[in-house]
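There are structures below to look over.
Both of the next two complexes hold chain A, though its partner changes from chain B to chain C.
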Partner chain A sequence: MISNDDLYRRSTQYRYWSFTRSKLEDLRILANKKGIDFTKRRLQDLDPDLPETKAIKEINISDYPFVTSDEELKIVTYYARKCKDLAKFFHLPSQARATAIMYLYKFYLAHSVMVYHPQYIMYTCLFLAAKVENSFIGINNFSKAIPKTTPDSILQYEYLILQSLRFSLRCHHPYQPLYGFYLDIQELLPKVDFKRLGRSCDSARELVNESLFTNVPFLFTPPQVALACLWKSDAVLVERYLAKKLGLKRKQIKSEMETIREEEVKEESTDESTVESTQASQQQPAGESSDHPSPPSSPQQNFDKLMLTIRKCVDMLEHNTMNPSMEEAKHISSKIRFCLEPLRYGKKLIKQKIATAALVESANAKRSNSSELESEPKKQRISG
Partner chain B sequence: MVELDWNNVPKDMCPVCKTDKYLSPEIQFKINPECYHKICDACVDRIFSLGPSPCPYPNCGKILRKNKFKTQVFDDLEVEKECDIRRRVLNIYNKKEADFPLTDDYNSYQEEIEDIVYKLLHKIDVEKTEEQLKEYSIANKQSIRMNNARSDQEYEKFIRLQKLEKQYKSQRNRLNRQIIHEQANLKNLEKMKTIDELQQPSEEKNSEAVIKSVKESMKNRSNKYKKQLVELENKYLKQREIIIKNQQINSKKKKEVKIPFTPFNGDRMIPMPYRLEPNRYKDPYMEKMVDDVQFMAGGYKLDLYYERSLNEAFTGLNCYIEEEKAN
Partner chain C sequence: MSDRYTKERKVGEGTYAVVYLGKQISSGKDVAIKEIKTGGFKDGLDMSAIREVKYLQELSHENVIELIDVFSDSGKNLNLVLEFLPSDLEAIINDKSIMIVPADIKSWMLMTLRGVHHCHRNGILHRDLKPSNLLISPTGQLKLADFGLARALGSPNEKFTSNVVTRWYRAPELLFGSHHYSGAIDVWAVGVIFAELMLRTPYLPGKDDADQVVVTFQALGTPTEAIWPGVSHLPNYNNLVMYPPPSRQELRNRFAAATESALDLLCGMLTLDPNKRWDTDKCLTHKYFVEQPRPTEPLKLPKKEKKGDK
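Showing the complex of A and B:
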């Protein structure tokens, strides 16, 4: 007998693109390391006679503006949001939009922004996703609509992206499951106010849209994400629905909910006490592994487990968003530019040198207000 | 002796041995579908017992075999011939009306059969027609065999039903007869009893009561038989239904085997975690879409969309990645 869950376990999304929290982080750190190594090699390959190269060689290699793993995730999220706007511009369905965003995130699990600039990858991802999700846009029209691109500049990354996706193009998004639950709730809880259900589902849909910019799609299955989003917009509804679906009796629900809340409190406290999610993620599997040998069979246990997962998912939705501000994004973006084209950084260093020399001269001349002047040219450099 | 007119043989006479019905009343005539020449039973035994030999009619010369001889059913040989041809063709062209999606197809099929029969009967394009028959039988070997088996089954069923009905009728008749018999008996008995009892002077007063009780007992008896009759009829109806149903069960079983191919060899037929109730779902947005001609033209069906959504809702709901991917 093969259940739907077994079918899901055969999907590429489960086999290639579902990770534990620690594994996901490892992948990102690994990609970051690869990017740094790549940039270092790039630095070594520079023409040693150029003045810029000499300027770079003078500084300590650890001072070079490498992008950190966190910054990488931030900038990818920034471009993922750009991707969403662009998809809206092309009037693509939400399915295609979500797929494009997932492609972008998946690509940067294998590669670093220091090797491929996310802006260009984002264009190609969107083009590819539109094609995959049956809303094809011709390449000429596509590149015409986006300034500073040519059909070739978009298409050149296509194969690379396909390869990075391990040729698994199908993405399961929470939209369809959410709609499925919307229908099933109508069937199972006919007394629920129709308008209320509609409102809850609409806001849950918005949350699903937002969930794309977190790690949630890699850590949970689409129905779980859908339930988590629905729970966030209407907790009572989801709990009642799941209790009835899993065959819990009324009295049991209350007691179960209390125990779950207690567990949640405990977990949150561990989350807070440990510095970051790395340690928390190490603890959690250890805690769960004690339950693992005896898989849950009774309705209560099933209910417990599902609710716990939903809570975790909601927690991730609330806390793990990486939304950089404009300035932050600009800063990271410039760092990426320096990594991609080290000579620019050399030029900047030379300019800085000249500027500081000039500064010293002017300081010598005026001898006063030197501290104010010092900060001014630096700002200009950065923005330039 | 008068020379026999071979082309116009008298009705009750064998042209080979010149015996006729008048002299030997037991004479039986046989014919062979090769040439349909009439020969008496004794002559067939005499001439063809030693193996195939030519027809004794002059200018015929067809080689006949004994086992092909049969009793003539129809007086008119033309009718006999047509029946034989028809039987042969229908053995090959043996599709039923239910096998055709359209009545027109079935009609043209019948037309084809009639054409073949007519041509064979009137010897028009015999070779060509025979070839056509042969080709068809080779091309549809399997379906012909299947249809034959089916008609055999139906025939068997028919026989069984007939047998049952016969049994039922005989039993019913017996019971009816018994009822009549018993009633007559009773009438006599009651009469005698009434007279006997009325003769006794001591119970004069109860004469009316006596007649009443006697009548009641009579009624009871006949009621008993009537009950038996009703029981018998019910039993018969039940058995008949069983026989008819048996056939249906068989055909149902055959249908169940024909499930579509699944990569898991049909083992995905487990109950789904949801019930699909398209009538109970409300979605104003989707309902508008369904009425849209653009969607209808593409064969869009709301039920399928519902089913797909529900399916996806429960695909992976109980996959706990954190746990399962821990190793």
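Showing the complex of A and C:
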């Protein structure tokens, strides 16, 4: 019998886009390194006779304003949030919105912002995602609504994005599993207050929206994220539901939860392998992998294992959600511009040199002014 | 041109693609290369091509066409490299020199339903099942192809277009313009194909959309609130001639060679109310597939080369 877990393991989302934490980090570091190398080649190719090039050659290459790996993730997240706003503007459904955001993050696992500016890639990701998710927007209307774009400026990246996505376009998001849990909870816990359940699911949905701006979609399955978000908004409800679902007696839950919390703290730093092993499981909450037959586990063990996964996911949601400020984005954006157009940086260096020189001169002038009155000709030479 | 494949000759041309017969250089294997026309679609990559890539990437099954690779010519044209399937079920049905026995029909039905079942359990609707989209491999395996209209089963409040499926294979809920439908529309199409295999002629050949309604309900009866609760609220449920449902004897007369369980399966797939129509699980576990005769082994099934493909 093929379970939903087995089917999920065959999806491209699992095969191509699910990672351990360290693997994900490696990919981003590699993309960043590629961006730095690309920029260095760009610097070498500058016309050596230009004063800007000379100014750049004078500084130590390690002082060049390359974008760091952390900054890359920040600026991509900044535009991922912009993408969300733009999707709302076009009244796109959450599925299309989430897909666009995931396309953007996936694109920058293979590329650096120092090669492709995320602003333009974001537009094309949104256009493509709308098309893929059956919410097609005509390119003319799309481009008309966004300042400083043309149909061509958006379409030109479509194939590149497709290629970077390894032609895997289907995305599974936590929205549908969340709805599934909503129905299943009503079925299993018929006495639960309907309003409370509705409220909990609504706030869980908000948390799912936010989860897109973390690493969670690359590290956990959509049903795991859905459960984690639901647990964060109503822990008691989720624990009662899971206990019932897994055939656990209610009394046992509380004491167990305490031990889990303790264990979890201990495990925090060495969880690479656990992330891997829990990655595909629990497409359905009770789902046990049929690929790797293990001795039948007790309801208690299943419950503990699942709670551990939920706790890890929640922990990541609480600590890794990024919302870079406009100032941060501006700062990184200017660095990107210097990498994309090094001559601009050369110009900046020249200006700085002049300004510093002027500063030194005026300081000198002040000093000499106090003794003699001969600074006039020097000042003229500098400004001339 | 990719250095991994050769394009040898054109074997077909559709609205959005030209299909070539080619070879995978590394293996010498025959492949079909679907070159997506660009330029014709001002909004970037063609929607049907995108759907085809999206869904075929997720489906790996004996009874679904394999997407081997995707590449681009000079970074512009999108090319889908598909497994080469030289024949299709329509060509077999139409070639009156071919003898089809009940065991052959059972074998094709089994392979079709397995393919559809795999799509549905992955949350994918094909939405264009018909004999010409059921391709046949050199070893006789039947495979679902052309996912240009496919889509994912969405959230419950999402609206779907009812303008899908080639007319003769269109389920009644689509004829009534329903925006919320399910895998049941694919099962209906398989039912119509089942009937066509037995009759050797299209079962519900409507001349236009209005005629399709007449032809469908003449054959299977006009649905009423009594047999399909809620049907009268569907957008196009109006000005209908009320035909009575066919009696069992009428069906026996029409499908003279069908066994009782074959008729049961047919009726299960052609149930008017989509909520009561059988799903692929129910179809595949039906006794029709276990009773005699056993389904013909794929290798021994009748074959037919495509027109102009000798």
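Assume the second predicted complex is superposed on the first by the 333 of 384 C-alpha atoms of A that agree within 3 Å, B and C clash if a C-alpha of one lies under 4 Å from a C-alpha of the other, contacts with A are read in each partner's own complex, and residues count from 1 in each chain.
By our rule, a contact is a pair of C-beta atoms (placed from the backbone, for glycine too) under 8 Å apart; a residue touches a chain by one contact, two chains touch by 3 or more.
Everything quoted here is computed from the prediction, not taken from an experiment.
With the two structures aligned on chain A, chain B clashes with chain C. Applying the stated contact rule after C-alpha superposition, one finds that A:169 touches chain C and leaves chain B untouched. Of the two partner chains placed by superposition, only chain C is touched by A:138; chain B is not. Of the two partner chains placed by the overlay, only chain C lies in contact with A:12; chain B stays clear of it.
Once the two complexes are laid over each other on the shared chain, residue contacts for A:186 go to chain B alone; chain C is not touched.
In the superposed model, more residues of chain A are touched by B than by the other of chain B and chain C. Using the contact criterion defined above for the overlaid structures, shared-chain residue A:210 touches neither chain B nor chain C, since it reaches no partner.
In the superposition on chain A, A:23 makes contact with chain B only, not with chain C. Using the contact criterion defined above for the overlaid structures, shared-chain residue A:328 touches neither chain B nor chain C, since it reaches no partner. In the overlay built on the shared chain, the residue A:194 is in contact with chain B alone; chain C does not reach it. Once the two complexes are overlaid on the shared chain, A:315 sits clear of chain B and of chain C alike. Annotation: chain B segment clashing with chain C after superposition, chosen from 93-101, 111-119, 129-137 or 273-281, is 93-101.
In the three-chain superposition model, chain A touches both chain B and chain C at residues 2, 7, 11, 176, 179. Those residues of chain A that touch chain B in the shared complex are 1-5, 7-9, 11, 14, 18-21, 23, 172, 176-184, 186-187, 190, 194, 219-224, 226-227, 245, 284-285, 288-289, 292, 302, 305-306, 309, 312. Within the complex formed with chain A, the residues of chain B that make contact are 264, 267-268, 270, 272-275, 277, 280-283, 306, 308-326. Residue ranges on chain C touching chain A, taken from their complex, read 42-45, 47, 50, 53-55, 57-58, 60, 70, 72, 75-76, 78, 121-122, 151-152, 154-156, 158.
Residues of chain A that touch chain C in their complex: 2, 7, 10-12, 93, 95, 127-128, 131-132, 134, 136, 138-139, 151, 154-155, 158-159, 162-163, 167-170, 175-176, 179.
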